[in-house]
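Shown below is the structure under consideration.
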Amino acid sequence: MVPMENYLVLSGILFSLGVYGVLARRNAVLVLMSVELMLNAVSLNFVAFAAYLDPDKATGIIFAVFVIAVAAAEVGLALAIVIRLFRNRSTANVDEAATMRW
Amino acid sequence: MAEHAWILAAVPGLAFIVMAATGRRLPRQGDWMAVLCATAIFALFFAVLANFLNLGEGAWPILNSIEWTAIGNFELRMGIAVDQITIVMLGVITTVALMVNIFSVGYMKGEPRYWWYFAVLQLFVASMLMLVLADNLLLLYVAWELVGLSSFLLIGHYWEKRSAVEAAKKAFITTRVGDVGLLIGIILFWDATGTFNILEIIHHVEEGTIGDTRLFITMMFILLGAMGKSAQLPFHVWLPDAMEGPTPVSALIHAATMVVAGVYLVARMLPVFELAGDALTVVMVVGLLTALFSGVIACVQTDIKKVLAYSTVSQLGFMFVALGAGYASAGMFHLFTHAFFKALLFLGAGSVIIGTHHHQEMAQLGGLWRKMPITAATFLIGSLALAGLFPLAGFWSKDEILHAVEGVGMWPFFFLAIAAIMTAFYSARLFIRTFLGKPQDPEIASHTKETGLTMTLPLVFLALMSIVAGFFIFHDFGSALGFPGGFGEFVFLHHAHVFHVDWSLVALSTVLFVLGTFGGAWLYLGGRLDRSTVLVEWQPKVYDLVKNKFYFDELYQFFIDRVVLGFSYLVSWFDRFAVNDTGVDGSATMTNYTGFLLKHLQSGRVPNYAMAIAVGVVALTLISLAVGS
Amino acid sequence: MEEAQGYVLLTGLGLPLLAALILLLLPSSQKMAVRYLSAVIGAILLGLSIYVFLAYQASGNVIQMELQWPWIEHVGFLGENGISLHLGVDGISALLTLLTGIVAFAGTLIAWKLEYRTKDFFILFWVLISGVYGTFFALDLFFFFFFYELAVVPLYLLIGIWGSTRKEYGAMKLTLMLVGGSVGIWIGIFAVVHEAGLGTFDLPTLWEAGRNGALSPEFQKIIFPFFAIGCGVLAGLWPLHTWSPDGHMSAPTSVSMVHAGVLMKLGAFGIIRLGIQILPEGAEFWMPALVVLGTIGALYGAIAALTQRDFKLISGYSSVSHMGYVLIGLGTLHAVGVTGATLQMFSHGVMTALVFLLIGALYDQAHTRDLSDYGGIAKVMPLWVIAYVMAGLANVGLPGLSGFTAEFHIFVGAFHTYPVFGGLAILAAAIAAAYMLRMFGVVFFGPLNPRWSDLKDLSPMETISAVLLILSMLAMGLWWSPFTDRLENTILNLPGVTS
Amino acid sequence: MRDFTLFIPEYIAVASAVAILTAELVWPKIRKDYLAYATAAGALGWLIAAIPYIGNTAGNFENLLLTDDFTTYFRILAAGIVMAIALLSAHYLQNRTTTAGEYYGLLLVGGTGMVLMAASRELLTAYISLELLSFSLYILVGYLKRDRLSNEASLKYILLGAFSSAMLLYGISLIYGVTGTTSYEGIAEALAARDGGTDAATVVGIMLIVAGVGFKVSAAPFHMWAPDAYQGAPLPITAFLSTASKAAGFALILRLFTGALVVDAVEWRAAIAVLAAITMTAGNLIAIQQTNLKRLVAYSSIGQVGYMLVAIAAIGYGDAATAQSASSALLLHIAGYTVSTLALFTALTAHYNRTGDDSISGLRGLAETQPFLALVITASLFSFAGLPFFAGFATKLLLFQASTTDGLLWLVGLGAANSFVSLYYYLMIMRQIYLFDPAEGQTRFRPTPLLGALAGLLLLGMLFIGIYPQPVFEATDHAASALFEVSASVLASGR
């Protein structure tokens, strides 16, 4: 059996990549995708923990399902807003949506 | 009656309140009330005196006090103590006050704020009487400050004149410096003995409650107060300037009464001074220096009031010397006689000023005796008394002082003798240049005329006193009036001192008088100035030095302008720039600027915000791990 | 009786608030109504203050006229009487109540001629006065702080709207510094209530805790500076005094009067109430420092005042100097010294109120406060000059006026404990004479500057106020036992005070 | 136990939301302010329905949700907030949008999310409730679709919100990994059962959760979305953000920290204390520099969050009694803060409706053009600054006092100092209002009666809490003790 640590390391890498993406990407859609990556890391974590530590109960699995559902909703909503941004400013670059600062 | 002597102070006090409140609307602006009041206290004084003498030596001092406040064991009683010194002071004050009040009716006629002048005069008399009646140092200090205030108000009576304002200010502040010392001394006494009562303090000191060093320091502070009030070196500068005030005020306050408060205080505390190490020596040195210095200055002054002023300072120095020698009677006696003849001289000067329509420079006067015979005659008596002509008042008191100093040592005696010669010299000079010779300014002379009765009567009375007052020293004269004997048997420190004429001393005094007077006469008689001019040209630098009063004023002015005010500017600058602009506003600016820097972290860009979150998580984790382990 | 007297105190802090509320509802065009109402309220408060002072029994309990209403209790960390509306006066607050009544009434009359936004002015004014009374009456830490802040905050608007020279700067600085000071008090309160662990803000309970060791000496030593500095800012403690010259320069007349006259005393009062009474051991430890700062303040203020050219700056610095005396007096922890400090609070209060009144009366006509612009004013404004001279002489410490009485007691106390600082303090009094007389000489006397020949003397309202204040100065100066008698018991019962 | 009657008030809220959405569908031309009144009515029903729950024994829904006094407290708060915001929006929204049904519906739904956050006893439930509120807010912030600022605000908000909720989830997953459960009780028991020492996974997990909820309540450095979102959002939504969102965040934090994490306080309390310190300092210092009112309020509310976090730190540092009284005082402060904020925004909305200016200098001379609004603004600013008469004085004082424990005095002191700094910029606003004359062309005006009445009511509320907080304090005390009743056993075993 694959040790749990492997899943955790993978999840950690995924999460870090996601964080990096959010920090580095300028396109709103790509930022969202990076967030999705982070959420996937979370799901992986949950499933791994559920499988290894909590086999009788399905809390982790359920959590993962919810995370996926919520993530879908979140993306839907976010994309709508990005579209509004594009309508208003003809750009999806988050750096250009920086009228308000300081 | 004597235990109710406070009434003496209460009457003029009340008069002050009434006159200050209603004075302008009273008929004749209330001058009659002032004279009435002065007469009343003059009469009351005799009642007190009679009662005092009746009660007899065993009852002295007569005490009367009431509880004032108490805070824990800090108890305060206010009251009066009437003893021999008080009686002498009361006599001087009430007499001169009456004369001055009467004189002022004539002198101040038509002057601005006539009513206010009389009102403040009453305030002065009230506080002066309170000063000498006080049985405790606190009340004495209260009165001490109040006489200072009245002096301030009266010197500055002509406040439209810049010089009068400056003089008043100078008098107040200079004496105030001394007063600080006095207050410190008083509080030090309280701290050591737990009381302000003078008799109790003396008692404590005699018991040895206070350590030597501490006692000496305390007495130096007290002496500081006395020196300030009595215009002793180096505080003497205010008194000549105080001549800006109306002349009767100079007579009352700056010759006869207030300025001798310092002498009174030292005399009052003499038992303590005696026990306070070398305190008496200090008193004597101060007195001697003052007597000499101001005697010298008086010799070259040309304003008659200024001459008198320096003469007063010099004579106060004499009194200090006597007290410094430990002779309360000698000091007090000189105070007593001096009050009369100096008041006389000042009032005489006032008469001259009125008679010549406000001229007081000797250079413009001369030959007045023809126009103003009464003034001239009385002034002559005063001058001679001051110079020490046998057997006028000044002679006897100066004799006593010389006698007192004889026992102390050669040098004091020698210097005092010189001061005495100078006294005779400037007295002669003053009289000769003012009244004898030819009028220097015919214009002024043509308008000059003798003054009215209100002014000449006091002069005559005081002239009389200047002749008679000296006889109080004699046992027979004193006992004839109901006193236990002569002045020395009435006022003394430890032992009654029966006066006997020491003819060798009389001879010496007379020599001193003759030397001084003839010196003056030789230089100035006949309206000639050439001989004195030769003197001046012979040593112009010395003359300048003396003429400019040894540059005391300039020195002080320099100190005030450059040091005190400079320091003040420095402090103000420090307050503005260091404390306020840097400290207070600076910290506000810093806060503001920090906000300015911080707000730029808020760049408006999402990745940066996300970065902040990420960094925050890492930082918090590290903190937790660091603290947790 | 006691209960009924408690309601008197309640009225004292409630009536001004009520006045503010009524004024809030009045249309702002009704200026006369506003004035009359305020004058009446002022008069009632004056009467009430006199009553409180006179009814305070010198020989009775320390705290009298007590009233305690439970306010917040048995919730959260609060136990029995956690926060209660606990009112009462001791000798010190009785005296300061009298001061407040006098100054507030005088201030009301002075504001009579105010035309600009009269209503708003009086609303804030009465809120402020209520805060002052409340602070003096409060025997509960919560309400003490409540009213303390209430007394400070309206100043921003009072100065900012109705002020003059650099008013925005002055107002902002003053408010921030004072509230900044109250941060210290705040922290102190947190620490004390927590450390005592009694779940109550009741002052007498906390005083007891300070005495019986519930607050350890180490704790007291740490916390005392918070109270001392916090209150010290309001009391003009050097070097946190700089709001005083600027604030006073900017403030309108009646605000300056109330502020310098009464509010600065809140600070010193706070040092007694919070510092000395809650933290006696801390007080004992820190008092030398307070004396040093007080002495520096006394000298520094006096010296700086010597060369100022603006009336109000002179008074501002002189206030710093005089409040320095108060701190010295408190710092002695000696019965006489503390009595002197309390007397000085009263004395400085009436004196400085009078000074600001007069400066205002002159400035309103002449629109300059530069000394050198004047000269010979005595010719045209005799009453004004007499009043000013009285105030100035009280300032200088001339016997017969209140300043002497107070300063004398302070000096006695100071010499007992710290002779050197006592000496320096007396020196400051001598300097006071110099700057006062300098101003007299330049402004009042000398030849009349023709530019001022049509200045008018004091108006009737101003005269009434001035007379009231002068009478107060004379009363304390001439016969001070009614004052000291009432203070004696209270001060001897202060912890750590020796006699 | 599945007792569906436990959430009747929320059913009312959601039903009202649905009804309002339907109503606009059916009558597209319906006057939008009627929708606002309907929302307010629904919220009122919600509030009334919540009253019977006061003081009832706690109802437990499958160990997921709990309706005790704590929940009820937030129910009433949420209903009140929604009601006020709805009334605020009535006039504001009329000229700015064509459809308002979603707006009002989402207000109610968001409020429901807030209640569920307070009721959650389990991490998944808590997360879902949080997202319920968040999603509503994402939409509401960007509700003015054509307004560039509003759009920008919602973009930033949702991107960062998603990012932070990913953080939160990752943290939850770690905690789940460590403890094997997501229920608070389970977590507490598992943490207590560990044999001492810290382990990195727990710490990282907790800190990620802190970041997630810290984002919600806008604690620095997770606060950066707040000023932008506040500025861009429609004015009433700014009010909603700064009240409901924060209150909900603290409800969640309180439940979680007292119910689950308190046994492991050493691992997070220092971080929370630092977080509090940074938050209040940054918020107040940056606020000084602001020129836009909404941004200023954002920073000022960040400062307020810093003060509130002090109480959370105190839960970690103090003993059980301190923890409970700190929670109680925190709830009280939240009440005071909410009322003050609503009052401020009511007045600002009335002002904004008239002038359309949301800069600070736009308030010039308000004392002359509208003295009443000036008074309300002054009162609420003073309340924020903690000055007497107004709610903030009593609540902040009690909050700090309750939070004073050994080792935390420095933080309380910093809080006091910060509230002094805050006075500076509040005074700068006062300066505009009172010291300056109105701008050219500004004349006297009257706020609409509705807003006037609302402002007056909230002013009275502020005064009431500020002067006589006893009743509210008692209520929060009940709420806090409910919180601790549940976790009493945990506390007993854990410490």
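As written, the chains take the letters A, B, C and D, and residue 1 is the first residue of each chain.
We adopt the following convention: a contact is a pair of C-beta atoms (placed from the backbone, for glycine too) under 8 Å apart; a residue touches a chain by one contact, two chains touch by 3 or more.
Keep in mind it's a predicted model, so treat the numbers as computed, not measured.
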Chain occupying the most central position, where position means C-alpha average: C
Winner on C-beta contact pairs when A-B is weighed against B-D: B-D
Chain A and chain B: spacing of chain centres that average the CA atoms, whole Å: 96
Cα-centroid distance, chain B relative to chain D, in whole angstrom: 78
Centre-of-Cα separation between chain D and chain A, whole angstrom: 26
Cα-centroid distance, chain B relative to chain C, in whole angstrom: 38
Contacts with two or more other chains, residues of chain C listed in rising order: 176
For chain B, residues contacting two or more additional chains: 588, 599, 602, 604, 606, 610
For chain D, residues that touch 2 or more chains besides their own: 155-156, 159, 163, 167, 227-228, 289, 424
Chain contact graph, described as a line, ring, star, complete graph or other shape: other
Pairs of chains satisfying the touch condition: A-B, A-D, B-C, B-D, C-D
Interface residues, chain D side, partner chain C - complex: 321-322, 325, 328-329, 332, 367, 382, 387-389, 393-394, 397-398, 400-402, 404-405, 409, 412-413, 416-417, 419-420, 423-424, 427, 430-431, 434-435, 468-470, 473-474, 476-477, 480
Chain A - residues contacting chain D, complex: 8, 15, 18, 22, 28, 31-32, 35, 38-39, 41-42, 45-46, 48-49, 53-54, 59-60, 62-63, 66-67, 70, 73-74, 77-78, 81-82, 84-85, 88-89, 94, 97-102
Residues of chain B touching chain A in the complex: 599-600, 602-607, 610-611, 614
Parts of chain A lying in touch with chain B, wherever the complex brings them together: 19, 22-26, 31, 94-95, 97-102
Contacting residues of chain D [partner chain B, same complex]: 155-156, 159-160, 163-164, 167, 197-198, 200, 203-204, 206-208, 210-211, 214-215, 220-222, 224-225, 227-228, 266-268, 270-271, 274-275, 282, 285-290, 421, 424
